[in-house]
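The first chain written gets the first letter, and so on, giving A, B, C and D; residue counts start at 1 in each chain.
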Amino acid sequence: MRVDALTGVLLIPAIAAALLAVLPGYRMTARLNVVATTATLLCAVSLFFRRPPTGSYLLVDDLNVTFIVLTTFVGFTTSVFSASYIAHELETGRLTPSSVRFYHAMYQVLMFAMNLALIANNIGLMWVAIEMATLTTVLMVGIYRTHEALEAAWKYFILGSVGIALALFGTILIYMAARPAVGEGLDAMVWTVLVKRAGGFDPALLNLAFVFLLLGYGTKVGLAPLHAWLPDAHAEGPTPISAVLSGLLLNVALYALLRFKMLLAVNAGALAPGPLMVTLGLISLVFAAFMLYRRRDIKRMFAYSSIEHMGIITFAFGMGGPIANFAGLLHMTMHSLTKSAIFFAVGHVTQVKGTQRIADIGGLTETHPALGWGLILGVVAIAGLPPLGIFMSEFLVVSSTFARAPALAIILVFGLLVGLAGLFLRINSIAFGEPRGPSAKAKASYVPMFAHLAIVFAAGIYMPPALVVWFQNVAGLLG
Amino acid sequence: MSRIDFDVAHLLAGTLVLISFLELYQDRLYSLLNVYALHALVLAASVAWQALIQDAPHLYVTAGIALVFKAIVIPVTLHRMIIKLGIHREIEKVVGVGFTMLAGMGLVALSMVVMLRVTHNADPLAQEDLAFALAVVLLGLLMMVTRQNAVSQVIGFMSLENGLVLAATGAKGMPLVVEISVAFSVLIAFIVIGIFLFRIRERFDTVDLQALDQFRGERR
Amino acid sequence: MTLTIALACAAALLALAVAAVALCRFAAATRIVYGACMVVTAISLVAAAGHLLGDEPQLTATLPLGVPWLGSHFRLDALSAFFLIVVDLGACGASLFALGYGEHETAPQRVLPFYAAFLAGMTLVVLADDAFTFLLCWEFMSLTSWALVMSHHRVPENVYAGYVYLIMASFGTLALLLGFGLLAGPGGLYSFDAMRAAHPSATIGAFVLILALIGAGSKAGIVPLHAWLPLAHPAAPSHVSALMSGVMTKVAVYAFVRIVFELCGAPAWWWSIVVLAAGGVTAVMGVLYALMQHDLKRLLAYHTVENIGIIFIGLGLALAFQTYGLPFAAALALTAALFHVFNHSVFKSLLFFGAGAVLTATGERDMEHLGGLIHRMPQTAFVFLVGCAAISALPPLNGFASEWLTFQAILLSPALPSWGLKILVPAVGGLLALSAALAAACFVKAYGVTFLGRPRTPAAAIAKETDFFSLAAMMLLAALCLVAGVLPGLFIDALAPVNMALLGAHMPQQIGAPWFAIVPVTASRSSYDGLLVFLFMVMSGTLAASAIHRLASDRLRRAPAWDCGYPDASPSTQYTAMSFAQPIRRVFGTTVFHARETVDMPPPGDMRPARLTVEIRDLIWDMIYAPVATGIGIAADRLNRLQFLTIRQFLSLVFAALVFLLLVLAIWS
Amino acid sequence: MVLIRDLAIQGAQMLLVLLVAPLFVGFVRKMKARLLLRQGPPLIQPYLDLVRLTRKEVVLAENASWLFRVTPYLIFAATWVAASLVPTFRTDLTFSWSADFIAIIALLGSARFFLALAGLDVGTSFGGIGSSREVMIASLAEPAMLMIVFTLALIAGSTQLSTMAAFMASPAVGLRVSLGMGLVALIMVAIAENGRIPIDNPATHLELTMVHEAMVLEYSGRHLALIELGSALKLVLYVSLIACLFAPWGIESAAAAVPTLTLGAAAYIGKLAVSGFLLALFETSIAKMRVFRVPEYLGAALMLGLLATLLRFVSESF
């Protein structure tokens, strides 16, 4: 196959993975990891400018290029963060050199899988990729081999595989639905074809398929009540993985859902996917908001906040319409950046304080000002307070919803408020008050965290017109 | 297609559902494993038959995978594992057999109803096939829900995947992609499960999930 | 041009905030930042004043910020110019005060950046002209003030106060957000111009009114949404308390006026009833709460609630008159409200500065530990006295002028046809009078216990007079209180453009009247001349003094206090704040606060001291806030069980969801 | 010319109230004594007291502050200004427009504010008792007063005392329920405000019963004289207020010539005499009430005022 930016996005991580699997020595491998992600990022960015032609397996269009760039970017920053994080883990001996090698290899495999899932033009291929991503993350969650880690990984594995299985069944059903209209063979699984012909599909089959896909990929998105794997996986895995999980993997699954939603949207006879997504979204939002109150583990708390935001995003896309879709996209981007930034901060916090228990962390702004204020800024952003990006998306979602469906908007607002109260209940005791826990200086690079926050901040006030046009196109595509 | 083709395919698919019921009924790991092997065997047969009547040779690969891996390798390995772990005691079900059976019936009925709504312009074979496949999937899920033992859960999961394979092969002319992915996922699943069971054993000499549940998050 | 200057000033403040982060490791940072803030706000103040007094046309600007396809609109019209004056005046005074006061700050890095940002936020709110920009700046203002409340975060009460504050602030913001969502409609017409053009339907208008009352009211401190205010305002450093109490609540009033009078269409008959009732209840409850306090800053915070009530009474009257097409009466009422906005921002800042000076001099906020400060800090005592007299609405100071106007507006209300209003307005008038009288009582208590009498603690006994800058700021504001009270006509005329813009009418020109008197309607109906009253009092006072000293004796001898022959040695025998309020507590408190006094009098021969304990319950908290909190707690506990299910149970959740959806499909057709 | 004449009249009024105030107090005392079949002090006794007090030196408590010394002058000034703006024998005084009814009430309020502060200044328990009770009484009396102002202002369509008096004198005003209620409430408030029996007893120094006296306990010499004069002025003010609102006969309008003015002054003196006698009669025939009965008393006044206003609002005919 021709080697261009598109294949680069796939090949670089694959090759890097192979290399990292064999190379010894954490320092070099960490660097190599960063280099690989950088290269991938550059390739992805170049996709903005040169669109490679659409094949029957790979595809780049307005919708997924946004996701690709976001994914590769967060992947890059996370690799930078993970370098300093893993170093500390080695010192404390929580990880052995061999497991670090495994970790780096898996990291690249994960990148590969996610990129593949995003640029796949074939629903089967996309399914394979997501399955792959799931399995790699399962392995990484279990990497610490503690009881809790194993239990989390096991739970993640079981629930994830079931979800994946359901998604596969849905995929098959889509094929079945497409076959009469498109004809047998490869074409019946190719996006670009499917979207064109979706009007002629059997609506009943489409509905059935969507139910399975919604539950299957919804499990990966972490929508309640399919969310169970998410908090533990975030809490027990290495923090960089938590960042990637929250920031990227959930998005990838959501991306898949959106694709299928577009299919249903084209077909007149099929049931509207909106209400289902709206319902699931609201359930997740309110549920996660209440779950924030009784959290004792800082990483698990932010995992629940991810569920909350996935709920908001799903809700926005479910509502549909140019403004809501725009808001959904914006919210997704902002959430990825903010949540990963928060996990960067949390990673350092847990390392300097030597614990994840909220009760043992206190007065962070006294002992580690940069870290503390960074964390606060992140929480302020994630809570939807201005002048950061999520405020804009929430503003658009709520205001555009209230005029259309007041009741829904009221529930939404209620969930947001409850969630905010829950978050600050904890963050107050973490960041303020008398310092608790050790106050040794953190050997950490704050660059990724503050880079993310800076972008989020800027986006909250000013969005470059090019990006806006981009988002508006995509919002139009989503219908 | 001729009448006989349809009948045989129908028969095999139906048998698969029946065997799923058998699995639900089993309450010893040994017998469960054996029944699962049978399940895989029938799957292989049905896939092969599909390959024959659709004259799609690549389906024979799938049939082969089903035969070799699911019907032989996995049961044997799990058998070993069980011996190694020394789980000879009964599977303590969460809910009684009777109820499980009833639920199974309900699920089969449900899958029929759901699938048969989709009658027009899709060939009847595919319809039946899908209906049975859905039934198998749901039964597998039911099994995962009603069993506590990790091994039996894994078996439930794999019979669920059998249902997927059935559906995939039933979908006429579905590209190779799917078989590959299925095999691939089975493989991965197998490895991961292996790793897991191994780890789990060295941690807590049992595969009973309740032992795992004690370490659920925030119970510190 | 003016708008450009104002925006530039806001930008400068933001830049200053960023710079402060870097600066605050240096000792001089405090002086630099506050000095710069003072200069910038002074510039903006002059510009705004010029715009309002010059009655210049409204200016608009659009920056490529905010919602992309909309941009962020800014607009400087009469209303925003007036509130910009209020904001900048308060900010300028606070910065001047802080030049001295800030030196005592232990952790300047937690105050300086947020202070400048806070000022910028308030400035931008009154300039914003589209929903997004407005809410952005609004919530930014709340957020920065939250950070300032948390600046002394080692005190658990402050953290708690900040928590409550943030939740209530977000609650208000979300209410406003919903309101704007209604006004903007599904099309998302977020600019205020579009909303003005839209003419929303009656139902939408009604919803928006309620939402605005909740949203702006929770920020302004309308009872029962006031709960955060007495917690948060005192927790911040005193100059910030002054800003939050004196200025930020006014920004909330601005939001209310902007939305209700301009954006949400023609008022329905019951709107004014809602607003009036809210205002009356707020005024009386606020002052009653204040009477029960003995923490000086919290007492002042509660008085903010009271004055907000008075302002909303004026706004409600204006709304009523506007509803029934009496523009001139409406103009009178609105003028009264806005004039009181200005006055309250002046004397409340002054009083909080005084409290801050006392706090730095003695380290005490609790009045029961103060006393006799008039001897130790005479100048502070004097300016604080002026503030007390002003807020107690005593002529010839400014507080009286605006309340007098409000009374005049009430006296115009028989012209209203609505029966509900006929009944309500006099009752509200009674509440207003009651709150005014109680306020006077409360400030007799506050001043008497804090500054008069004998010091109750060593700290109070050795207090030192506060520094030059603080005094300068307080003197300035005190002078302003007098000027605004003596020459109210100037201010009323300055408010004419605002009324013109909002109501299409304004009060008669006041400048023409002899001796700067103010004449709301006609001279034969009612008029008041602060200047003349002031001159009369000065004249007759000096006349009496000189006459007596000239003709009779001017000898004077110091001696122990007479006190009916019971000279009491210990200062603890003086009246305390609690004991001073006891008669009023017995009159009102038993019903409003379930106040109960229990006397524990030991029998003769028993050595233990007699005890008098007073229990006061905050019924609003107990009945509204506590249940909500417990409800959420219970819900959280219930749901939290889901964290601890086994894998199998989670699987069955997924399974159930699947089966459910399949059933739906099976039934759905 | 006219201006000078008006100024002269304004001055005359100021002097008149100043001079008549102690006399009125003396008259009331005399009446009370007579009603109790005692001889009683001579009418001019208050003047003598004032003169003696002004001659004496001031004995100032050690920790009394400047506020304590300024307050008497403030009180006197505020009360005097207020009293001089109430029409006694002539409406449309030169400066009457400078403060309307509400402003006059507020002036008295500020006098009370500073008196209460002075009570707290020395830091004695008696001062505290006096101030806290005084503000409690005021917190109810002032709203009641304002309600009465509302009623009258609504009837007369003005808060300008001259206009109100003129309106009350005119035939336009008939007998009105709200007027009656207003009168009763006004009398009740006046009694409370001036610390007369049954609210307070100006003649006692029993610590538990006194309010006003407790506040001024530390005052002596000229300060005390000014405060006494102030309270006398206040009493006269209320009496002339009632007179000019409810018995506006004989109050001449602007155009009146000097002889008629003297007539008006005579009428005013007459009214003072009558009301003084009635006050004395009332005070001798009733006992002082407990301090904590006062709220009920004033609450009643407040309710009356509110009721009057409500009636007034609801319909023109009441």
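Note that contacts are C-beta pairs under 8 Å (C-beta built on N, C-alpha and C of every residue); 3 or more make two chains touch, one makes a residue touch a chain.
Not measured: the values here are computed from a predicted model.
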Between B-C and C-D, the pair joined by more C-beta contacts:
C-D
Going by the average position of its CA atoms, which chain sits the greatest distance from chain D?
B
Averaging over Cα atoms per chain, report the distance between chain B and chain D in Å.
100
Taking each chain's centre as the mean of its CA atoms, how far is chain C from chain D in angstrom?
35
I'd like the Å distance between the centres of chain A and chain D, where a centre is the mean of that chain's Cα atoms.
78
Please tell me the distance, in whole Å, between the geometric centres of chain B and chain C computed from their C-alpha atoms.
69
Where chain C touches two or more other chains, by residue
643, 647, 651, 654, 658, 662, 665
Mind pulling the residue numbers of chain A that touch at least two other chains?
154, 158, 162, 166, 208, 231
Two or more other chains are touched by the chain D residues none
Chains touch in the following pairs A-B, A-C, B-C, C-D
List the residues on chain A that touch chain B in their complex, please.
122, 124-125, 127-128, 131, 135, 138-139, 142, 145, 147-148, 150-154, 157-158, 161-162, 164-166, 168-169, 171-173, 175-176, 179-180, 184-186, 188-189, 202, 204-205, 208, 231-232, 235-236, 295-297, 300, 357
Provide the residue numbers of chain A that touch chain C in the complex, in ascending order.
154-155, 158-159, 162-163, 166, 207-208, 211-212, 214-215, 219, 225-226, 228-229, 231, 271, 276, 287, 290-291, 293-294, 321, 323, 363, 365, 369, 380, 383, 385-387, 391-392, 395-396, 398-404, 409-410, 413, 416-418, 420-422, 424-425, 428-429, 432-434, 460-463, 465, 468, 472
Report the residues of chain C in contact with chain D in the complex, numbered from low to high.
371-372, 374-375, 378, 381, 385, 389, 392-395, 400, 404, 407-408, 410-411, 413-414, 419, 422-423, 425-427, 429-430, 433-434, 436-438, 440-441, 443-445, 447-449, 452-454, 515, 517, 523-529, 532-533, 536-538, 540-541, 544-545, 548, 551-564, 566, 568, 571, 573-575, 579-584, 586-587
Which residues, counting only chain B, touch chain C once they are in their complex?
94, 107, 110-111, 113-114, 117, 138, 141-142, 144-145, 147-148, 153, 209-210, 212-213, 216-219
Would you pull the chain C residues touching chain B in the complex into a rising list?
643-644, 646-648, 651-652, 654-655, 658-659, 662-663, 665-666
